[in-house]
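One chain, subunit A, appears in both complexes that follow, with subunit B as partner in the first and subunit C in the second.
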Partner chain A sequence: MVEAHMMKIKRTIKYDADRVGGFGREIMSVAGCDQLPSCIQCGTCSGTCPLTIYMDFSPRQVMALVRADFKNEVLRSNTIWLCASCYSCTVECPRQIRITDIMYALKQRAIKEQVYPKHMPIPILAKEFAKMVLSKGRITETLLVMQLFLRANWRAVLSSWRLGLGLITTGRFVIKPERIERQAELDAMLATITNGNGKGKA
Partner chain B sequence: MSNPSHNGTDEVRIGFYICHCGHNIGAVVDCPAVAEYTSKLPGVVVSRDYKYMCSDPGQELIQQDIHDHKLNRIVVASCSPLLHEHTFRTATERGGLNPFYFQMVNIREHDSWVHTDLIEATAKARALAHAAIRRVRFHKPLETTRVPIHPDVLVVGGGISGIHAALTLGNAGKKVFLVEREPSIGGHMAKFDKTFPTLDCAACILTPKMSAVRSHENVTLWTYSEVVKVEGYVGNYKVTVQRKPRYVIEDLCVGCQECIKSCVYKEPKFSDEFNVGLSKRKPIYIPFPQAVPQVVLIDPERCLQVKTGKCKKTCLEACADRQAIDFNQKEELIEVKVGTIIVATGFKLFDAKRIPQYGYGLYPNVVTSLELERLVTSSGPTAGDIILRDGSKPKTAGFILCVGSRDLKTNRWCSRTCCMHSMKLAQLFKEHTDADVTIFYMDIRAPGKGCEEFYDKSLREGIRFIRGRVAEVTDWALAPEEEGKLVIRVEDTLAGFVRRIPVDMIVLAVGMEPQVDAQEVRRLFNMSCGTEGWFLEKHPKLAPVSTFTDGVFIAGCCQGPKDIPDSIAQAGAAAAEAMALIDRGYIEQEPNTAYIVEEECSGCKSCVVLCPYTAISFDDAKQKAIINEALCKGCGTCVASCPSGSIKQHLFEDEQIFSEIEGVLAYD
Partner chain C sequence: MRHLGIELTELDDWNCCGATAYMSVDEQEACILAARNLAIAEKTGPQDLLTPCSACYLVLNKTKHNVEDFPKIREGVQRALKAANLSYSGKTAVRHPLDVLFHDVGIEAIKRKVVRPLKGLKVAPYYGCQVVRPYATFDEAWNPTTMDGILAALGAEIVHYPLKTKCCGASLTGTVPEAGLRMSYILLKEAVRRGADVISTICPLCQFNLDAYHDQIMKRWEPARIATVYFTQLMGLAFGLEPKQLGLHRNFVPMKRLPELEKSEIRF
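Right, the complex of A and B next:
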């Protein structure tokens, strides 16, 4: 019982081994992220961001951490998932850094490396959204929301039954997945992108 | 000069004017009330308050009143006489009066700017005004005298500032004496590899100027020399220059350096000052390849012949017929007359050992920015290779900024150039070694033209910037990757945590300080220093290269830290200020000189020795003291010391001063 009341003390100082060499350069090499070296850490992004209030690292800090190769800290931060893609930071940045694009690059990287917060709705939404677009060519909103509910918080489906019922009875709840007409052509395009290491190089 | 149309024996008719100076005076002193008060004082015919007396309408007001009210004395209460005494004297003169029938009252610097109590400040303004009104009654018509200006100029210091000032003056046809303490001119700039923000080669832009000043027909260059005595005053300075013995006759040496090769010391053995101790030289040496003049010199502390008289003198044999080496050379004193002086004595670098936690002197791979500069230079001790003390190439490096600067324990000021200098060195470091370079900074200060762009270039080239003042440098490894490295401990204030960063080499961006002997130089040229020890300009904005001693100007880093463009701009400005004096040909001297009432002089000679300007001599035939008005600076020492009261001073006559005191005390 004594232990339970003891303060947990862990090392907060960062050693050089805490960095992952080359990470910053990899992110900066993603299309749209090449202006990051120019960052002067002015904090305009953090100041304009409507969601900084909930973030563990401010967008400015994320920029600093990426540049300094602190991969683990960045990919595990909630900041990249709270970014709502409003693009305020990108519009205001005095160095024309496309901060939102960098956030996307970081989200992709976090999903790829499976380090995203598993029950947070935003990465689930992102994943399901992408999956649906890739397989059907477009999304079906009702099915996407259902997927999100089931994977993030299935109990919420039960508590929203009245809403669901209303949607079904008025014919607004589409159950049949919608799809585009020439799926094969989309597949061909996606295959080309994927073969080019995802950088769009055919 | 106008005729004294109203002399002191006429009825005294005083015009008094008080200036609001906008809110500067008006917000603290009740100007209309002061004008009301003075209007009732004896002799005051006109008493006015006005928003800006120094404006054209303000000056015209005085002239009009002189005409309309037949005024013969003018008093203006406004700012410091330093700023507008001349303005109002001229206005008085234009009104037809002798300009010295004017008296100024300083109620701004001496009153409204230093007091907050409105009632007390107004009372003080009344007292000061009353004093001036009482005093001006006893003013006499005076004439200014003209003193000719010697056209030659002395430039002290042969760094980039001194060189530029000497060249500018020389090109304008002025004769210049350029005095440099070191054996070669060039100063700090000669030690630099490239210059920010353009990255042009320092030597390539400096050495042509060095050669030009050396060969200039109007410039006399004395290196290895120091100014030891300065006498006289603006326009007429007598300067004594000490030429230290090189033990080599400058006019005979051709710089072939055969003597150096043949010195009995086969290998260079002594610390080389030019390479800041990173290489060795012989007792007979030339400071650096492009030294100007190209003349060798002998270090008397190291040369066996000079020190002990026992040497094979192989250098003499090598010099052969030229016979340029002279072991018996003695120091020489030269006296020159000049009219103006430009002091450009530069700076010294902060001693990094004063901050022991950065390990300079303890860890061999902690170097100063100037040491790295020598390492980067192709003409330096490693021919441009940046290497660690063991000869290997560094893979990582950290630059610590503000070493000694912005710290109340050492130097309070920002040295202004270290951010840019370090970014330049960091770029060169990366270029030469491909190392991972990090700059540790508190603020990046890159305000010069092209400097912010240079900062962006540094960022884009992948130089890392960590904001935080480095706490310590240690070789105590706490993690495997830190073994054998120098570890920098710093808070990365932008990331929000403390970090330990291992590097191979640490560069300390040491700040600038006044020269060690700045105080002696200050006294020599009768200048002032600020609290930090930099030479003080007459006005920080309006007279940045003038000093409080007329005819003495300052340029470059002796006035405060600055980069090369700013130093050159100041040098040009100082040259222009000197030329403005020279080309006018004379200076007008304030007639506040002392004079002797001959009948009363007892011939005791006590004033003769006391005069700091040697303006008083003694006439043996008459047995009376004589004052040379051209030399008198109006200090008043003789006036106060004369036992018989036979020395008086214009503008400071007894009745003027006593009535002024009475005026101050008379206010209610």
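Right, the complex of A and C next:
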């Protein structure tokens, strides 16, 4: 009973033991991410990013955390999912660090390890989008949005009815599923990596 | 485009470029998807690949750069293309209509086609992010001016719009509305505050975000009602095409009626 009244506390200072050795190096080995070691922590990225105000770690902090191997912190942060890929940071960085590409590398890793927050619509959208492209070659927006609502938040369908109605009245509501003709060609291409782990299988 | 003597052929059996979403899942696969389009374009003949969408423009150009810069990606892409009897040498240029209209067609040729100058129409030129950053070579990343030049050639009045390359919120308008819609709201509000009649855009997602969410933006903050159209629609108007031909009736927020344009019998 005593426990119920206890103040909930959380350690806010990171320990060396929280680090996952080698993580930073792995991210830096991804194409386009190799400039990270030269980060001078100036914060230009955080200043130019239009979404920093909603992030738990600013882009500058993410750069520092990746470099210092704080894997769990960055992969679970909302920062990587709020990045809308507008490339402001990448263009502004005085050290030519491709920050947007580092965010992509972190997103890929978080999806691979399934550590993103449950019901968070952004990674679910990315996964469903990729699944549809993989199987049909094209995207049918209407069906994609339906999938997203089903998997993330079905209540959102109800609150978006006006948008749907607007799309219908303006003739912009597409329901005919899109797909490419030569799906086999696409399958053969992707088969060279999906199971072969980059070794080639086709 | 036909009006200006440019011939377009639809890319044979094109596939989705993967957009920003696929890049978040697997970059190697994303590059392979995009490379299929590049390879088909190359097979079709010596011509440029024209893409009116900012995300397609970015992903296709990014793939070109990745294939060139990173041997691992290049090998993966070449192996995948070979499996489909395709090949890609890097010759095909990926270009945006704004680039082609400004640099190939040119301001003078555009001016000559104008039969109904957009006199009195105040336009806020909005470029968004992914066409000008980071791969574009035809205009500046922070203060692009190619669309300004085209709009001025149509006779429109250009409104000074410093937010011209700020992000519209992209898919966050749907996934995290609190953040995404605020970004669209700021863009709309600033255009209204500066006295614009219409926002001119070059990207389909920007157009959608700035056009389709007005009721939700009003509910959360305040009304910021202004129409957002493609710059090519404004070109069409100035060239004397009918608004319906240009799809202007498909907007959520219709373009404002303008006395000068009405005199020349345009009906929106």
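Everything that follows uses one rule, which is that the second predicted complex is superposed on the first by the 168 of 202 C-alpha atoms of A that agree within 3 Å, B and C clash if a C-alpha of one lies under 4 Å from a C-alpha of the other, contacts with A are read in each partner's own complex, and residues count from 1 in each chain.
FYI, a residue touches a chain if its C-beta (ideal position, glycine included) is under 8 Å from a C-beta of that chain, and two chains touch if they have at least 3 such contacts.
Just so it is clear, the model here is predicted, and its values are computed rather than measured.
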| task | State whether subunit B and subunit C clash or fit side by side on subunit A once the two structures are superposed. | result | fit
| query | Thinking of the overlay built on chain A, is A:42 touched by subunit B (first), by subunit C (second), by both, or by neither? | reply | neither
| said: Quick one: is A:165 in contact with subunit B, with subunit C, with both, or with neither? Answer first, second, both or neither. | reply: neither
| field | subunit A residues touched by each partner, larger count belonging to subunit B or subunit C | value | C
| task | Could you tell me if A:67 is touching subunit B, subunit C, both of them or neither one (first, second, both, neither)? | result | first
| said: For A:87, using the defined touch cut-off, is the partner it touches subunit B, subunit C, both, or neither? Pick first, second, both or neither. | reply: second
| task | Name the contact category of A:31: first (subunit B only), second (subunit C only), both, or neither. | result | second
| said: One more residue to check, A:180. First (subunit B), second (subunit C), both or neither? | reply: second
| query | In Å, how small is the closest CA gap from subunit B to subunit C once the two complexes are overlaid? | reply | 18
| What part of subunit A is shared between its subunit B contacts and its subunit C contacts? | none
| Residues on subunit B engaged by subunit A in the complex (per definition of touch) | 444, 455-456, 459-460, 462, 464, 466-467, 478-482, 492, 494-502
| said: Using the touch definition from the top, list the residues of subunit C that touch subunit A in their complex. | reply: 13-16, 18-29, 32-33, 36, 66, 69-70, 72-73, 76, 79-81, 83-84, 86, 129-130, 133-134, 141-142, 166-167, 169-172, 174-176, 178-180, 183, 212-213, 215-216, 249-252
| subunit A - residues contacting subunit C, complex | 30-32, 50-51, 54, 82, 84-88, 90-91, 98, 100, 104-105, 107-108, 111, 121-123, 125-127, 129-130, 133-134, 137-139, 145, 148, 152, 162-163, 166-167, 170-172, 180-182, 185-186, 188-194, 198, 200, 202
| field | Residue ranges of subunit A touching subunit B (in the complex, touch as defined) | value | 12-17, 37-41, 57, 60-61, 64-65, 67-68, 70, 95
